[in-house]
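So, here come the structures, one by one.
After this come two complexes, each holding chain A, first together with chain B and then together with chain C.
After this line comes the complex of A and B, so read on.
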């Protein structure tokens, strides 16, 4: 599992790096970004995984979210992978911005022609953490996860499907109930086929209804003027209703005036890092 | 002088906007970004102008520098124009990354075929401030200027050529002595012709030697591992030497490990906003 360094920039006292590697899950070269805070030079640090949204690469979060100063302050390593396999030469992979390249949806595909490469769920929960823990000064017992939009969906399902694995979870404008929204229905029917019961294994609202692990504290920020909220792509109400019933602690902040962009994410990133730091003891 | 709004995103409690207008100086459509802090909703605010570096547009600073939280905190409006005229159909304008489009160098060109459009000095010191003061809740008596690389050169010369106009100036990795470096020599010979004496009117080191205005407090951050520092494009030592002799207050911070990128700018942006806030009484 050799890593090739693509770039390294000193940032906020630590280093923002990008690496490339041959992924065994995805059977292609994958890039991921890793921020190493100053504390990583002398000891083990907790890790927050960040899952990006539709069309993003490993670059969007590290250039636009403004996470590094807070990560440096709290001594948290942040890992931000790409959002899908790339360059697999699968027919149709570049036809849509919300399916295929840039839109892996953090599921393990079961349908042809996707199932060989589109295994982002196993990549972000298994292969990537192993790689990170083997190559960087991490404390594997202190891991958390966050994300935006499609990546918010990813963060929520990774946490809900793996009780205890992630100490905290947060999301910006997550797709909360993908089986009920156009984006999720398109992605899941393509990657998972027509049997809707298989979709529910990757739906945060369905997963929350049967969650029985250790307490998971969820922080969600949602722009009230987000076009995708009004287009019923995100459906946070459905998740909140289930969490309330199941007594899963959720802080849900509907932020007036904010949209779906990285200007929104940047505005509240420090709060999210602080949320993760609290549960990571960082 | 009508403005057309290109985009508006709520950010850090205020609004990050981009506008387009017909520039009389540059004889083309120009875009600029403006950040309006929450305080701008109820009263007049000071303004900091940000001049970007080679190849940048009005987008780079607003998406990558992480300035909005600090600007919101201190109640400072930040204006970030594009770096040159665009789409003027001048022969050769797109041939180099360091001359022509994206590389206006903040001078008023005197040579054909540039002199009709390439008047970035008058644009950023006269036309743009008039436009900003007419359309936004600014306090024109509290104005400052900052920039990166070619834009750091721009910020320094604007401040040094207009004693008292700017209450403070700061720069990241500025081109400090353009008459002595390859970038400056290429730009100045193209825009200003072969008479080197005309170049000196736009050289911060030369201007500092004859500066006699009110006290100007300069903050400069420079990455020690900046490839353009070692390539002798920036030459900060020359400026520092003159400022020391002339007793112009400069805080020059050589930052070990940092390069020329926005990761460097992001790391110290809060310090620069604080520097400006001090002299803008913000």
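After this line comes the complex of A and C, so read on.
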């Protein structure tokens, strides 16, 4: 559980740090970013986990999303892991930008050659929180989760599969129904095999239909001019329909003029952190 | 031969002479005619000339006459001015020559008020009264005027005190920091001012004696600063020269949350308000045309939106209220400036902001309207109890699903003047307003 600090920069009165460690789930060295707000110097803080999208590392979020000021204001630690195991030297892992390296899809793979290393679901929900709680001034009962695109899918499934674990959940342009879109079908068939029933365990729309647990309050922002929305990769309507039927509270905002980029994330990051703070600081 | 030649020549000459004579006669004739023409022409010219002379002479004569008259008038006026000046000089000379110079400075003063002497014994009968008075000897008095009025037997001694005012319960509003109390004067005669008295109610419901008094309130309303989360008993007294009236009936004001009544005069004719004043119904009945009336110079028939405004206290702080609806109620809830155009729908102009619920055959639709524009939102759980939070300082108007404590939307706007809560129904249905609720923590983070 040894952590090595890779970098540290003072930011918004707190510190934006990057650490590296040997992951037992992923069987490789993994980096993650952690923002410590000013309040962390004197007391325990709640933690928000941020899951990034396809092709990202732990750097994109901390340099482009503009989260630090709001995190400092509300006294929240933000942890942003990488999006897949790195340097495992698996054949084919660098062939596509939407499968393999940088595209872990937050599942625990069952197919070869991925099953040994590609266990991002367990990494995010088990190993990383233990590591964070052991090394930083956190309140382990107050955690929340958010993400963008593939990370939005990750945040939604982590929350739906772990009722009560996350006090708040939100997403930016999430992949809502991966079993029905090209990205999800490619990733799941590669990581999980051809039996589609195994895919459903990692699909937010399917999980919502059978969710039972403490009441959620999901905030989703989606750019209306997002090319992947029009390419039917994201499918938010499917999730909304199920949540309406199952009375899972969702506020879904379609933002005119915005695309899929970090410029879009930056624009609404304050609203999301405020949403998380409402539950984390309650 | 020479004789014939000569005779021939003579005959020629005689012929020639005859011709000459003819010519001479003709010329003579012509001359005579010409002479006649010339004479005629000459006479005509003479006539025209003399005519013209006569005309011009007459005009000049007129001119001369009027100028002479004007001159004469000027001379007359001059003469009069000379006479007036002469008089003035004589008067001045007289004043200068007079012995008593003080007479010149003498001013005309109105006399001092006479002093009525006290009534003397035996100066009255059943039908008459002898009144005597004295005056200042320096006054010159031309005449006296005497006034009298019978005094009623049963008038109480302190009849000069005013009656207590009547507090208008339905027109009082409050918020966590203040209360606005309105009352009726309670007096037909004008009152000098009012005193507002307030005392805090203890937790056991007892009155703790008068704790504060606001005096010299000039109009029939008063905005009072108060402490949050307390209950106050407020009453008003009218004051005139005679002193203060009795206390008005008391009103109990609570500074928990914001409290207001609906402004029933702003209600659309199709809207009926319950007796307690907090529930509104839009029935299926036909538009009641007989209920035409003018409010702020606009006939209520022109109100397009079936809506009513609330009487929010004009204090630029934080206000919170809740609205209870049914799953199927098509409502518009929000705020508007008091002069918002009622001929357009709430949220369709830039003087109103509202949350709107639309029921389509397939789904529920929610809009957050201002200036006709709404963001594109989907809400999966239909709110039936909506919290509305208004923050003047931050310039925000937020909406919440109270049952889920879920934030729905926030308008960011700088409110130029005070706004009023507005409640509307787009289709038959009902809506209940709940206020005096302490704003939950999540509403004003």
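Heads up, the rule we're going with is that the second predicted complex is superposed on the first by the 281 of 282 C-alpha atoms of A that agree within 3 Å, B and C clash if a C-alpha of one lies under 4 Å from a C-alpha of the other, contacts with A are read in each partner's own complex, and residues count from 1 in each chain.
In this text, contacts are C-beta pairs under 8 Å (C-beta built on N, C-alpha and C of every residue); 3 or more make two chains touch, one makes a residue touch a chain.
The structure presented is a predicted model; accordingly, all values stated were derived computationally and were not measured.
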**Request:** Give one word, clash or fit, describing how chain B and chain C relate on chain A after superposing.
**Result:** fit
**Prompt:** Of the partners chain B and chain C, which touch A:278 in the superposed model: first, second, both, neither?
**Reply:** second
**Message:** With both complexes overlaid on chain A, does A:263 touch chain B (first), chain C (second), both or neither?
**Reply:** first
**Message:** A:250 in the overlay: touching chain B, chain C, both, or neither? Say first, second, both or neither.
**Reply:** second
**Request:** Could you tell me if A:211 is touching chain B, chain C, both of them or neither one (first, second, both, neither)?
**Result:** neither
**Asked** Can A:240 be said to touch chain B (first), chain C (second), both, or neither?
**Response** second
**Prompt:** Least CA distance chain B-chain C after superposition, rounded to whole Å?
**Reply:** 12
**Fill in**
Within their complex, chain C touches chain A through residues 363, 375-381, 401, 404-409, 441-442, 445
**Fill in**
In the complex, the residues of chain A that touch chain C are 215, 217, 224, 240, 243-244, 247-256, 274-275, 277-278, 282
**Prompt:** In their complex, what parts of chain B are in touch with chain A?
**Reply:** 9-13, 16, 63-64, 66, 68-69, 223, 225, 257-259, 261-264, 266-267, 270
